[in-house]
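The same chain A turns up in both complexes below, where it pairs with chain B and then with chain C.
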Partner chain A sequence: MFEYALSVMIFLPIVTGLVMLLFPLSKETARITGFIVTVAILFRGIEIFLSFTGTGGMEYVESRSWIQSLGISYGLGIDGISLLVLMAGTVLFPMLFTIFKTQPKGYYANLLIAQGAMIGAICATDLVLFYIFWEVMLLPIFFMIGLYGGSKRLPATLKITIYTIAGSLLMLAALVYVGVSYHTQFGKWTFAIVQLSELELGGGFAVLAFFMFMVAFAIKIPLFPFHTWLPDAYTEAPTATTFVLSAIMAKIGVYAVIRFVMPVFEIEFARFAVLLSLAGVTGMIYCGLAAISQKDMKRMLAFSSASHMGIIALGVFCMNVQALTGTLFQIAAHATSTGVLFLFVGLMEERMQTRKIENLGGIAYRAPIFATFFAIAMLASVGLPATSGFIGEFLIILGAIKFNAFIGILAGTTLVIGVCYMLWMFQRVFFERSNERTENFQDLNLSEALTFLPVIVLIFAMGIFPQAFIKKIEPAAQQQIAKAFAMPQAQVAETIVPTPGHNNHKE
Partner chain B sequence: MDDLMLLFPLLIIGSGALLLMLLAAFEKIEVESASYISMGFFAAAFFVQLLVASTPETVLFGKIFNGMLVSSNFTTIAGLIILGCGFFTTMSSHTYFRVNLFCTLEFYAIILFGTCGMLLLTLSQELITAFISLEIMSLSIYILVGYDRSNIRSTEAILKYLMLGAFAGAFFIMGTAFIYGGTQSTKFAEIGSFVAGHSATNPLVLGGVFFIFVAFLFKAAAFPFHAWVIDVYDGAAAPVTGFMATALKTAVFTIFANFLAINGALHQGWITFLFYIAVFTMFGGNLIAIGQHSIKRMLAASGIVHSGYLLIALVAISTDHFTGTVIGYYLAAYAVGTLGIFSALSYLGGEGEKRATFEDFKGLAKVRPYSAAAITVFLLSMAGIPPTAGFMAKFYVITSAVTAGHMTLALLGIMSSILSIRYYLRLIINMYFHEAEEYFETGGSPWATAATFILVFCVFAIGLYPIVI
Partner chain C sequence: MEHTSTYIGLTPLFPLLGALVLGLMHMLTCTKTRLPEKLYGVLACVGPLLSFFLALVIFYHLKGLPTEERFLSHNAFTWFAVGDLHVNMGFLADPLSSLMLLFVTFIGSLIHIYSIGYMAGDKNFGKFFAYLNLFLGSMLILVLGSGPIVMFVGWEGVGLCSYLLISFYSEDTDNVLAGNKAFIVNRIGDLGFVLGMSFLFWAIGTNGFDYLSLKVNAHNLTPAIGITVCLLLFIGACGKSAQIPLYVWLPDAMAGPTPVSALIHAATMVTAGVYMVARFSFLYTHFPLAGSVVAWIGILTALLAATFGMFQKDIKKILAYSTVSQLGYMFAAVGIAAYSAGIFHVFTHAFFKALLFLGAGSVIYALHHQQDIWQMGGLKDKMPTTYKTMVIGALALSGAPLFSGFFSKDEILFSALASGHSGIWIIGVLVAGMTAYYTFRMIFLVFHGEPRDKDLYEHAKDAPPLMTIPLIILAVGAAFAGVLNLPAIFGGSLTISHWLAPSLVEHHPHVSIWIEILAIVTSVAAFAIGITIAYKKFAHGAEEPVYTGLGKFGYNKFYVDEIYNAVFVQPYKAVGAVISKFLEPNVTDIHVKLSSWLYQKAGKAFKVFQVGYIRVYAIYMVIGLSLMSLFLSHSIN
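Let's look at the complex of A and B:
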């Protein structure tokens, strides 16, 4: 059992989800089964977190040869880089089954399949295995938006699906290129990431492959200018899907950059780091400004989420330990804040049938507990000290200033925009005048309050005792940086790049 | 392995065809019993072939056939695919002809004869043998396409296919004559040694190979000989279309690969040609598919696109130690996906195939969730989404192209599959995200349904345990 901990975490939800789809079950049975399964996964997750030693290497390793002729293996493992992403994927999931009580069976089943596939993508240490889970996790999202989404769901579904699949297919080509290059250089086939990091790639095709990987992940994150699918998809998707997309799936994009792109394409990564970090900062500013002008709360949060993903991605491109640790920390922190805000908006929509900011007001007088919880999550999202959002953003900006003062200052000042749209929205929705819609707003009932309480506690815990989390991730971050960027920047600039047009393998 | 054993599947199918033909002449049995008999023969041949395939080796039939037939690992796999296609086609025909009443006893005999031709085509290593088996196969398919004589579209289809197919046959025989003129032989091995000894740019060899390629490209529905596919696939009955799209393509690509692999210089000389053919086939097929409203026409066009991917694999084959595994695997993956959709169409199409367009399948998932799920699996496999067989197949093709140094071709293949997502998704969206307007009542027998769900299992089994490679 213990040996297969990760496999169980991947396949228990997937199999349960499929069984739920195949057999006639009532909504309530489906929901309770889903809840039990996710809680079981949650306990496994917590157990893994507690017994994780944080020495920097892979733990809970499973490796089994799958397709020998191409060296593809079923390889799983967890290290400091994936630990908090895994936590984001496990800890918050049971909430979805207690908050949304009246959805159809397929809704819960798809959520479970999505969870299993995401855990698979997080744990995979083989590039092909990762790709398979990466593609599979899109399918439940596709069906959830298309079946249970808002009124304009069809265009949104098509947009997100074609966008992401296009990115993934480009990644497939790049992935094959990496595998074949390894075969040419070392004479054997493998797609295991540990071995692939020994590759030395250079030349035109390497740059192309690097960008194909980056585009695939940039679409998922989404990084400016590949963010255009996000507002539609996040707005039209049912709330649980939006939560899954923003809190976990987007993070897997960032995680994949750290895990797969950084060690393999270290030279290209260093060469284009400034460009990529500018894309991150631009996304931050652009989406932040766009968020100010939104009239729909969910759409505003969608832009806010995109803006935050900009800073999370920025941390990766700064190529130093502080920023990387900050990013890894922020991945979990962002899930607890923005992800939870989406759930709150979902609750409000269920109660008032509207998300328009102008139609709301005065909720704080009717529902003080709800308003307090909302405020805490919101303040965590804008990065108030003593909440989870502060530590990560602080570390990222510290790293950004170390990397490039201009970008650092730009990123630091942009955080103000976040405060603008959030506080302004809060003022309009929770204070000001209440109207006939908000008159009868029900405060959180006991079970809802109890559902959200752990998250609120987590927000403070991560803000006040960050060391408990950072000590688990920092060694891995250090190793990753040390391995990938052994050579200083000046040397990278002078590395002779062979002429493009040839397949520049070192013979 | 005994030589006879290797030919045993062919013999079983051949005797089955003759038996059914005789039974049909005396009109002793019902149409449905004929379908059971042919299912039995296909199943028997399939298991014998499986037995043969479990001990792979290359056997040259030197004594009995004077080296005109060669059995290798690749041909046994191709044989397996063809026999499987035949089996599932008879299953879905059984259901289809309960509702559409134009079947006679000869139908199943002709399917068996066609299969004979296909099996022989995969084995042949000599141009005249290849021609004869190509014609056995084609003649059967012509008849099958035009089986519904009262249907005007079916008649149009057979006319188009017969005319153009006859041209292709003529090209093939002309190419054979040219090659014989140049090399004094029609055997692949001797052509290979001639090319190795002299040069591949001998005008007679060059012209001959070109004409033979024309015939193969026509049969494989590759650019620029793809225009007939849409109408012919549309006009034929659903099970027949499935059979054509899968078994026939398997046979043609097997002989195509065997022919290309006879000599490295020959293959090298035609790479650029095949490169452009592959690119135009993929993108031409995609452009046609995007504009279609009928599912069968869309599948016909997507068949063109898949021919394009197979051409990529052909460009990338290594002639030194040719194994054909990538092509074999791709054909298997493509066959299960396509056959699956066609067997689903066989029982969902209804009388006279009244449900044919994307619109007609709106809301299928609300009424028949399992059928919709099965079709979704097949579509995802054809689009190459993991963990289906189609993904693995695409992965192998791309890997083989990159390994052979054709990065551009691999990239263009990826671009084309991005385009293809659009029309596969369209059907899924119609099935799932719209409300049902009818009840999708189906008549007939459960055989086609059974075939569909067995094939769903195959899609995953082949995808997750790619033992062929």
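Let's look at the complex of A and C:
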């Protein structure tokens, strides 16, 4: 069992999900089965977190050759970079099965399949294996939005599908390029990321492949200007799917950049870091500004989530250990704040059949527990110190200042932009006068309150004792930065400023 | 030389625990049967009183140590450590923070007691005290934090409490908007603070990011970075302490319950910016240019706010503008490197301004939430205790000789004169006169003359002892707190300045006694002129004037709120609307639109070949096959 810990976490939910689809089960049985499976995964996740030593290397390694002729292996492992992404993918999942109680069987089955595939993508240490899980995790999302989404779900599904297929195809082509390059340089086939990082790529093709990877991941993150699928998809998707998309799947995009792009394309990465970080900051500001004029709470949160993802992505491009650690920490922290806010909105929608901000008001008087929990998650989302949201955001801003003072200052504006739309929304939904719709709003009952309580505790725990998390991820971040950007400065300078006509004078 | 002592970390913990307990109690019971107010009241006062006790213990502990060893520190745990950045959840009690600690916990406790009376009967009684406890806990973290990042925890915490308490009566949209404004404006300041911290860290923070290590490494700062850091941190101070251009939130903050205005928006939180500049005295002393900016912004804020204060009619707004104005004095002091004078004014101001607000609260309480001074009058016979204590507060605020405010304000004006900042000194004296004028305009209109609203007047009476006793205690402080820092000319020895010396980096100028006398004479004259004009105009009854010309301009606060709204708020919303209504559907999406357009066009283009005749398709086949065989024959050869 221990040896195959990761495989179990991947295939238990996938198999359960498929079995659920095949056999006629009642909704309730499906929900309870799903709950039990995700709780089992949760315990495995916690066990992995606790026994994780955090020395910087891969732990829980599984490796088996798979398609030998092409050097493709079934390689899994967890290190400091993937640890918190894995936590985000396991810890909050059982909540989905206790909050949304009346959904069809397929809904629960798809959630399970999505979870398994996401864990696979997080744990994969082989590029091809990663690609496969990456594709698999998109399928359940496609079905969930298309089948169980809101009234405008079909255009949203179409858009997200076109986007992701475009991204996937680009990634596939780039992946082949990387494999072939390795074969040319070293004379053998492999897709294991450790070996691929030894590659020395250069020239126009490398830049092209770099951008193909980046576009694929930028779509998922989403990085400006590839975010346009997000508002529609997040709004139309059933809330559990929105949660999965924003709290976990978006993070896998960021994670993949750190895991695969950074070590393989270190020169291109350094060369285009300013451009990419500008995309991150622009997205943060753009989506943050867009959020203020949204009338639908969920859509507002969608823009808010995209805005935060801009900052999280920025941390990767700053190429220093503070910013990278900040991103890795924020990946988990963002799930506890924005992810949970989505769940709260889903709950409100179930109770009041509306998400329109203008139809709400005065909920705080009716439902003090709900309002308090919502406020705590909201404050975490705007980065109040002592909540989970502060440390990551601060580290990213700190790192960005070192990377480029101008970008750092722009990144800092997230402090202001976030509170503007959040407070105004909170005012119109929870304060002011109540109306007949909100008059009868039921506060969280005991089981709901107990479901959310662990997250609320986690928000404070991550804010007050972040070191418990950081000490496990920081060594890996150090190593990643050291390995990827240890090249001599001269080499970077040469790639960044190519002398015109350089080649002509070579002879 | 620093000593470790674990117990100082407990100081903020008591009110924080109180907040947790009270908050849970209120949250779980407020929609059902409400718990008795006595229970809340008692629980609410436990935390602040325990903290006050600890503050005394810390003070005497420090006092027992040799002067240069007066640093107690406690590192509770490593908060986070990434690369060179190592941040402890650490606390530092030194002369500066222990002085702040003493009056914050003392006034905090008094205001908790007063609030039990003031808030009686409110349906959110428990919530109010949970917030108030949370505020005190955050304020203590702010004061005790051993480095800028821990200070920032308290800094944002008090901002949050301020927001929660301003929008306390949240059914009224205006109150919530005032709360939002406070939070957002403060956040703009916090942006400066965070950026300042970041630049500071990369410059000198890698060997330890707490005050004591930073102080040691401060000489490594280059002027460019040093001045940038000082100014960025000062933006943070401008937000929290309501200075130009971020002062606009404080007058609106009066929407909160009056004890909150007294505690948060007068005595403690708003002075955090001054405290922060004093805390970083080792930076500001090095960079006098940054100091001058601080001083000038401060004194100009003092002038502007005093101007607005002369025209207000809401009793709390008058006090709010006077707070902004007094904060301006404090910044003028710390800007010209007279840190102890600034902190001394923070100290005395806490007493007399808390007193004035609580007195105003008693008046409002007695008049059933009437706040317009043009509806009051003659209350001195109906509310003798309130009257007497408020007059003491007003005398202290306007700098009447021998009251506490006189000594602290005089210390600032003297320092400005002595260090050659004569411009600041002149404006300072002018503002002193204006302060005396608007303060006594308020006192005369409220307590003297004939009652303007007979009905309200008849029912007015002094508040219950729970509320008047804190007034009396504060009045004693407002009258006599000045003796703690008597200058030599009055036979004292600047006790507080000497006490603060180990924490601050400052030089006391030595100048002739005539300059000292000049400073005293001018400020006494300014006081006398101000109070005389107020007496002539308002002591014997006056009607509300209709402001015209410049008066109207001042009455409307130079339309700054309207200008901000037009320049910042509306464009912000407009940009948001443009993005979501126009850019997002039409422009940003261009690559998606373009690809689907391309697909359609390509489809149309290929449609041409689909003619529907078998003979045409046969030709296509022949062409295709020929091309294939051509290609094959090429590759075989």
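The rule is simple: the second predicted complex is superposed on the first by the 490 of 507 C-alpha atoms of A that agree within 3 Å, B and C clash if a C-alpha of one lies under 4 Å from a C-alpha of the other, contacts with A are read in each partner's own complex, and residues count from 1 in each chain.
In this section, a contact is a pair of C-beta atoms (placed from the backbone, for glycine too) under 8 Å apart; a residue touches a chain by one contact, two chains touch by 3 or more.
Just so it is clear, the model here is predicted, and its values are computed rather than measured.
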Exercise for review: Specify the outcome, clash or fit, for chain B and chain C once both structures are aligned onto chain A.
Suggested key: clash
Check your understanding: Between chain B (first) and chain C (second), which does A:Tyr177 come into contact with in this model arrangement: first, second, both, or neither?
Key -> first
Practice item. Based on the superposed arrangement, let me know which partner A:Asp443 touches: chain B (first), chain C (second), both, or neither? Key: second
Exercise for review: Count the residues of chain A touched by chain B and by chain C, then name the partner with the higher count.
Suggested key: C
Point to revise | Which of chain B and chain C A:Leu147 touches, first, second, both or neither | key: first
Check your understanding: Does chain B (first) or chain C (second) touch A:Ile162, or do both, or does neither?
Key -> both
Practice item. Applying the touch criterion given at the start, work out whether A:Leu289 contacts chain B, chain C, both or neither, answering first, second, both or neither. Key: second
Exercise for review: Would you sort A:Ile221 into first (chain B), second (chain C), both or neither based on which partner it touches?
Suggested key: neither
Exercise for review: State whether A:Ile41 touches chain B only (first), chain C only (second), both chains, or neither.
Suggested key: neither
Point to revise | Clash with chain C (superposed arrangement) - responsible stretch of chain B out of 206-214, 332-340 or 368-376 | key: 206-214
**Study point:** Touching both chain C and chain B, counted on chain A across the two superposed complexes
**Key:** 162, 166
Revision key, fill the gap. Counting only contacts in the complex, chain B reaches chain A at residues 373, 380, 384-387, 391, 394-396, 398-399, 402-403, 405, 407, 410-411, 414, 417-418, 421-422, 425, 429, 432-433, 466, 469
Revision key, fill the gap. Residue set of chain C touching chain A in the complex reads 23, 26-28, 30-31, 77-83, 85, 89, 149, 152-153, 156-157, 160, 163, 167, 170-171, 173, 176-177, 179-180, 183-184, 187-188, 190-191, 194-195, 197-199, 201-202, 572-573, 575-577, 579-581, 584, 588-589, 591-592, 595-596
Review point. Once bound in the complex, which stretches of chain A touch chain B?
Key: 21, 67, 69-70, 128, 131-132, 135-136, 139, 143, 146-147, 153-154, 157-158, 161-162, 165-166, 169-170, 172-173, 176-177, 179-180, 183, 205, 503
**Study point:** Contact set on chain A toward chain C in their complex
**Key:** 159, 162-163, 166, 224-229, 231, 286, 289-294, 303, 320-322, 325-326, 362, 364-369, 372, 379, 384-386, 390-391, 394-395, 397-398, 401-402, 405, 408-409, 412-413, 415-416, 419-421, 423-424, 427, 430-433, 443, 464-467, 470-471, 474, 477-478
